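Input: structures, listed below.
You will see two complexes here that share chain A, one where it goes with chain B and one where it goes with chain C.
What follows is the complex of A and B.
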């Protein structure tokens, strides 16, 4: 018999496990999306197909307000976080390796490791003292908090891209009379773009769906979409939440597809 | 310094530290490269040839010593301020730019006017015969074409010196031969000084005006290919360039004693004492045994190479030497193993090595 390469698909039970995993991943989402088209109020009993929940959600003044707030916070936080993460990634990959390198990585990725609830409580106390001292109650606290925990999500893909990049290209640019700035502008940055866009989108999505930190940090009347949905579900169960979730899902899919098409065109 | 030197290294030393280890990559190398010559740095990997090239390009600064360009100290000048361009081993073409943009990159960075860039890029591309592929991206080109783009890109800003870091090593044999003559042609046409790094001794011999042989961070010998091949200064150079028979001998009064009582004449200027003789296989002749030929040997294995055969000869004390024998059309002249034959060396073929 001819020898063949190892293939995981020949392990007994491979197909079963794969199907179970995909069910666990997608079945709840499929049900959520399905019930957003339910005629009735229930999110457990199917009564017939309808689009009625979408206009209801759309015409809800509060939904619009919290959505705008979420998008504002996510956009600003993602942009700042990505800029900071790009600088951090350059600082950790484009200089002589030092002994504390791993420690620096850990420091940058802190939000990934420290339990979110700890950060949330810490920020609550920290911002409370600033609020008392300054009297400022605005959105900046939320944006600052989101920026902080978005940094590692933006940092990881950018660093991966920088590490995978052939540094000879930057040497070649310097050899061809480019200054440090020109090398960055004309060689490093264009090649880094897919990483930066990936980082931006990861940061955006992470900010958009944060609940724990937002709950602790927000001032009165500063609900974001997720905290609004949470509050609404507590009061009464309604398929309106399903409709909003489905739209959020759609937004994510659109972003991912755009990213995929964008990077594929560049390669 | 020599009046015609374009690049000069003075006691250039480079030490790399990795953790506890220190590696001397370049051990006080001094060299003067003449304007307009095709100079090759030849040596095995890790001999320091690429380090020396990187010092000249400005990618590294020497631990001590100086690098001069036209007599001016450029030791601490960054690469973008040196009129020196490099063809990288990996080509290092910018993947997000077209061939045209790649070739124009250096001129663009220098702030050359757009119309002039267009002209010079066109000329550089015609030099390497790639006008038709100007709007392709590098990854759409074959290895040989990418190599030409790298060459055009380095030549477009008209550097004073072109550095080539093993540029042909990734190409297959046929393409490599083609590019060798192409490089030679370009160098003639443009009159630019080429500093070429290779570990391939044949490449070095065929292309260079002068060769610098390096080993373990030191420059062992500098000379024209013929000089290096015929008069290697030491055992390393003799062994690295071409094939060589190394025969232990006792040298006294212009005579080298090889085996018991058999001595052959050598250059009277040769050093005396226990030394190694170097003889090229093509200078070893197999002759009939007679009173006129003091040295005899027993024929061992022979290997057929097409144009010639390598015949193993065993001297009385067991020393093994190889004779290269041109294969004639009639064939069959290779003596069978075990035959007792006389061995003669071509006049002037025996070199006494210092070490």
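What follows is the complex of A and C.
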């Protein structure tokens, strides 16, 4: 029997499926973005190019308010999450394994495993009783909830960076009589910085995207941009939502590109 | 072990806990701890206007699957609830299978490109994964809704006389979930295929293995961990999906996630909502345990 010609990179049909998948993945997004530049309000009939939906969105008092709230929550939550995640990463990497290490990993990664709707319900129940007991209805609940589910997203890139870091520089610093703190401040921290910034960006994007947990935790009148959009989509469609979506997409893509450049392995 | 070493080990352990403490406290207060409170709530009586009455009751758990006849007090299977469970499991399974069918060739294609093309293609898969799920679902909604692009286009071509009703159906939810969760299938599949030594296929062919044999005996065993990881990563969020069924399924085609929300809104049955959440969490835990076991079993070979 003659040897059949075979190449792993050319299995018939695979390339076609892959190309179709890439098209299907991007077509809806491209269409969504394109119609944010439509003159008319239609999402199906193209009436000409215009920027008019962007100023309309920007001049919408409510859109500005919910955007500010989203950015506030995301900034504070990402900063706190990254700080505590950095400490946790320093505590759990490059040390001998202690008992309870598995427990710490499980706790930190828990938000990745538990379905969002379950966490959302649990937080609704818990915070509802605190709201009744204290009378406080402010943003702190949202910030606390967002901080918690952002921690694993901040932790993972920081830990990856720490594990890949060379220890010789730190040893050298210690040999040169640097104190623990000096070694950390002037050697470890600067080396760790790309990981920390990457973690901060992932946490920020994660917080900015959240719908479900926010929906259950927020008090009345505390809509964020995603929950506002969800309510708006239900009522009617308007190219204004396309314009807001496009800006949000742009922000995510910029942050992600920066993230990739930061965490890229040097060749 | 010398005393010096034990001392150092103890200091290491102390530092591990001290440094992790802030993260653990936040996670306990705003993620893990409330789950326990939710468990308690699932054993209480519902309050008249929402919230709970502090009286022990297994009523919520019973009513997850049974309804009580208000006239003669007998119990029947709660058809409405079972329909929702079944729809959730069915749609999540179909989504998982379909993402695998299209995800496998895609992952394979990416893994067999040059290093440069691979990085670019991976980045292209990752971007949708990180972009807002709401926006991606909304994009699908815009295309398939009655006055959307698909229907407008087909009407224009004259293929159809009136809009096809795709949106607000089970099919729309399946379509949306396949779209939003596809990257979660492709990425672990890619990771598994990437480690696969393609020369093994050639070797198998040289030894007169048929196409099917190569697939079954050579490729599948090595790619299996990736298949399991991808399936878990798609199945779990699909089962707990809330946004996609809400935007594409409308009010009638609920999944478990929407049904849970209903108990905290119009349903005013917090204990039932809590019980359903615990149930969902248990299904996820079982799926994860299955995954860990399968991953450990396959680890020495991979």
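The working rule: the second predicted complex is superposed on the first by the 233 of 267 C-alpha atoms of A that agree within 3 Å, B and C clash if a C-alpha of one lies under 4 Å from a C-alpha of the other, contacts with A are read in each partner's own complex, and residues count from 1 in each chain.
Definition applied: a residue touches a chain if its C-beta (ideal position, glycine included) is under 8 Å from a C-beta of that chain, and two chains touch if they have at least 3 such contacts.
Small disclaimer: the values here were computed from a predicted structure and weren't measured.
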First (chain B), second (chain C), both or neither touched by A:166: first
First (chain B), second (chain C), both or neither touched by A:191: first
Touching partner for A:235 - first (chain B), second (chain C), both, neither: neither
Partner, of chain C and chain B, that touches more residues belonging to chain A: C
Chain B versus chain C as contact partner of A:174, first or second or both or neither: first
Partner chain(s) touched by A:182 [first = chain B, second = chain C, both, neither]: first
Chain B versus chain C as contact partner of A:115, first or second or both or neither: second
Overlap of chain C and chain B interfaces on chain A (superposed complexes): none
Residues on chain A engaged by chain C in the complex (per definition of touch): 1, 3-4, 6, 8-9, 11, 13-15, 17-18, 20-22, 24-26, 28-29, 31-32, 35, 42-45, 80-81, 83-85, 87-88, 90-92, 95-96, 98-101, 104, 107-108, 110-111, 113-119, 121-126, 128, 144-145, 147-149, 151, 155, 205, 208-209, 211-212, 216, 226, 229-230, 233-234, 237, 241-242, 245, 248-249, 252-253, 256, 260
Chain B-touching residues of chain A, taken from the complex the two chains share: 166, 168-169, 171-179, 182, 186-187, 190-191, 266
Residues on chain C engaged by chain A in the complex (per definition of touch): 9, 12-13, 15-20, 22-24, 26-35, 37-38, 41, 51, 102-103, 105-106, 108-110, 112-113, 121, 123-128, 130-136, 138-143, 145, 147-149, 151-153, 179, 182-183, 186, 198, 201-202, 205-206, 208, 236-237, 239-240, 242-243, 246-247, 256-257, 260-261, 264, 270, 273-274, 277, 280-281, 284, 288
Chain A-touching residues of chain B, taken from the complex the two chains share: 57-59, 78-81, 84-86, 88, 90, 92, 94-96, 105-106, 109-110, 153-154, 157
